[in-house]
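Each structure below is given as structure tokens.
Presented sequentially are two complexes of chain A, the first with chain B as partner and the second with chain C.
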Partner chain A sequence: MMLRYPRWPIHSALVLASFVMLVPFYWVLKTSLTGDNIYAYPPSLLPRNPHLFFYVDVWYAIPFARYFLNSVIVSLIAVAGNVVFNAMAAYALTHGFRGKQLVLMLFLSCMMVPFQATIIPAYLITGRLGLLDSWLGLALPQCSTIICIFVFKASFDAVPRSLIDAARIDGLSEWRIIWHIMMPLSKSAIATNVILAFIWSWNNFLWPLIMTRSADMQTLPLGLARFLSYQEDTTGALYAFCIMVLAPGLLLFLLAQKEFIRGLTSGATKG
Partner chain B sequence: MNWRLILLNRFVLVPGAIVVAIALWNLYVATHDHGIVTGRVVDAAGRPVAGATVSLWTYNFTTYEQKAEVKTDAEGVFRFTDNPSHRIQIGAEKPGVGRSQRIPVFLYFRAQDTTLDTPLRLSAPG
Partner chain C sequence: MASLKETMTPPALRATSPLRGEALRIRHRTRRTALVWCFLAPSLVIFLLYRIIPVIWNLVLSFQYWSPLSEAEPAGFDHYEDLLQDDVFWQALWNTVIVIASAPVGIAIALMLAVLVNSDIRGRDVYRTLIFVSYPLMTVAVAIIWRWMFDERVGLINYVARSLDLVDKPIPFLNSFTWALPSVIVANIWQMLGFYMIILLTGLQTIPPELHEAAAIDGAGAFHRFRRITLPLLRPSIFLAFVIGMLNSITSFDLVYVMTGGGPGRATEILVTYIYKLGFVQTKFDEAAAVTMVFFALLIGTTWAANRLAGGNVGAQDIE
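Moving on to the complex of A and B:
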């Protein structure tokens, strides 16, 4: 007879951990609905007289729709770039070729270089391409990320070699093998790429701060900083803005969380 | 191609529902943004006050500034027709009767048509 351990200790620990992680989100949401000062004592756990008027204030205080449009377009370009370029790179890395280990080592070592260290060459390259202050320029440095290449590689490695050989015998080109064989079998990796690329691009602050010149090209994180500069005494509106910036990323994660978790864990175990 | 499978999944339904909600909201806004604000002015005993001056202040992110003034009719009813803001204050006064407190009014969009639930109550100062 199999020995079963009681589950309540681990469930209790998970509930406690979830509580600790969710409290800040709850507090931001509550403050956005009430405007209560965060330092008020005694603190009220439940919202008193909640309303949505701080969200209305934010909508009219800054050109929110324009910032939102910029963030959406830049994120979509980054997501498309990540899916296409990372899939191509990962497919190449599933093949054996001379210097493959060196390329893998280079990729891994590049992960240790922070973006702040490469921001000046990135700026110069974007400037030479004439893409400063444009949507494409905002998305360009985020169009491929090494972590996401490895997510695709892990997924592609799990595809049986015989399937690729059969496709090749049937006359499919390498392009069509990627898009018609590998990609449909890697939906979890695609979801992981989409979510990670979207969230990284959506939350990016430093690159848009450096390369945008006109107020019309700013994204939501820059809008938040701008909002802080002249609305410093409006606690409720500030928190409402935070919720409005967070909401699309949260929604996307909730929509695709199953595929996201599967994509991150595929390739983690062998056999 | 199975269109039912493509359309009836959460990646289509949730964004679709959001788009529909936004469209309906914009339709509502377009039909209710005439800037009309109405209400009543009463005295301390609750009787309608005719000829009271009612002022409308709009918020400009730091302070409220006076935007318009109207007089109440014989029933004590006032009506502004050009409120441009989403955050306003309304107050009334009539010499010899008294003055009301400024009531803050929050609207869900600029120039939203609204009617005040509670009348402005004039009371003698002091």
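Moving on to the complex of A and C:
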């Protein structure tokens, strides 16, 4: 832009905004490292004598490894489901066929149904399927996502028609066209699918809350909420647990920020 | 395997007689259609099971007396009539409306930030990341973080307020009937802010800079340019942010459940927490289904109104 304007007001406003966004993290991180201000007033602003005791304590206070395992398995199922099913559906949508408009209408109207408005029948249906309290049942509702289907479709639409025709003439089945032609050309769409599916599944709370019964099947968010209800706010371990749960999602986001944002905004502009 | 290969080859390459070619083409097309539906099947099944059937089942259930242990009996509008008398329901509905109404506040702040990070200043990518970083976080953890920030004795907010002599004694934010809901809303806006900002930023980037330059040459001030150029062109993005933000925030079950559990009393009860409590704590699935229908109607109604205000079919128009 050619317009001239002073920069410092912009910087100061943005620094203030970033500060507001980061302070809560800092406050929790500090408590998890010291735990010293749980009963002390005034709280110290800087961490005094930081130590990792509470991070170790978490391992003894709760079955962290079990929660972690459950979360990882459920997220992996959801990610695999998303990549495979969404790619298949998106490839189908690149073809013209009778009923395509109906399918698109169906997908768009499904987007208007938030999961929270379906919890009671979803629970009953999962019960009939015999999947309550299981990894598959936890992951199933999230195994295909409409936004992610459209991310794949946009990417597949960009693949030249002639390439696909050539593959057909060479005798590749449609199934192999997806995996050998389309997917290698859609790496960033795959990345978007993986990261969105992972974060949605990793963070999911309401569904596991409803459908898990045994303590063995609980995922990290549930474990975190349960830990809070047992311990109230009295121990630094709660905040250490918080940080440990946030870390994987945060790390993945920072690594693949571009794909994540692209997925959200393409979901936004594509409906 | 041979037949599959044959049908996948464009028929024109193989057809010797026109008749055989025609027959092959029809076979080819039915085969292709069958494959298309096979490819769609897994996603369709998931959406049927967890979107379409639940909506229908909910509707049916809300007109029945039913519990897991008893046979279904028709109930007419009984559950809905009960709701009219139910104070908790009205409180939850009102709170949900307030949460929806708070979304524009977040969007306004996000709009300011989006304009700022859209200017060509140094380090804008860093600012974008820092502001956005709260969105992908686990909401349960965000709720715990904000419980801690709002804590009565040692929360940072009370500490700052007391240090600056804004208050005489600490405010028990989450245990106060006045402050509990605003506190939850603050946490919600904090988490959604970066998301709104990204949506609006995407919209801002589609506005050609020449428009601003031309207006500036004509002597229009920054504020004027913002009002006359940026805002009108950004209208679809603003309403899109509102619709998605609303879907996200009135469904912010996690935040309410962990921060306050709907309390104190019913001060932060929203429709989703009430549905959860009716259905899964009191096992009144049929009544919960009726509340769900009201919740759903509210969602559709607000989305429809927002779409009308945005002047058209936001988002959907891009899909062929």
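Here is the rule we use: the second predicted complex is superposed on the first by the 221 of 271 C-alpha atoms of A that agree within 3 Å, B and C clash if a C-alpha of one lies under 4 Å from a C-alpha of the other, contacts with A are read in each partner's own complex, and residues count from 1 in each chain.
Rule of thumb we're sticking to: a residue touches a chain if its C-beta (ideal position, glycine included) is under 8 Å from a C-beta of that chain, and two chains touch if they have at least 3 such contacts.
The model shown is predicted, which means the values in this text are computed figures rather than measured ones.
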Counting only touches as set out at the top, which of chain B and chain C does A:255 meet: first, second, both, neither?
-> first
Now for A:225: first (chain B), second (chain C), both, or neither, which partner does it touch?
-> second
Looking at the overlay, what does A:239 touch: chain B (first), chain C (second), both, or neither?
-> second
With both structures placed on chain A, which of the two partners, chain B or chain C, ends up touching more residues of chain A?
-> C
Is A:53 in contact with chain B, with chain C, with both, or with neither (first, second, both, neither)?
-> first
Can A:21 be said to touch chain B (first), chain C (second), both, or neither?
-> second
Can A:61 be said to touch chain B (first), chain C (second), both, or neither?
-> first
Would you mind listing the overlap between the chain B footprint and the chain C footprint on chain A?
-> none
In the complex, chain B touches chain A at residues 10-11, 14, 61, 86-87, 106-110
Residue numbers on chain A that touch chain C, as the complex places them | 1-3, 5, 7, 10-11, 13-14, 17-18, 20-25, 27-28, 31, 37-43, 81, 84-86, 88-89, 91-93, 95, 97-98, 103-104, 106-108, 110, 112-125, 140-141, 143-144, 146, 149-150, 165, 168-169, 171-174, 199, 202-203, 205-206, 209-210, 220-221, 224-225, 228, 233, 238-239, 242, 245-246, 249-250, 253-254, 257, 260-261, 264-265, 268-271
Listed in rising order, the residues of chain A that touch chain B in the complex are 51-53, 56-57, 60-61, 230-231, 251, 255-256
Touching chain A in the complex, chain C uses residues 4-5, 8-10, 13, 32-33, 35-37, 39-40, 42-44, 46-47, 49-55, 57-58, 61, 112-113, 116-117, 119-122, 124, 127, 129-134, 136-141, 144-149, 151, 153-154, 156, 159, 163, 190, 193-195, 198-199, 202, 209, 212-213, 216, 222, 240, 244, 247, 251, 253-254, 257-258, 272, 275-276, 279-280, 285, 288-289, 292, 295-296, 299-300, 303, 315-316, 318-320
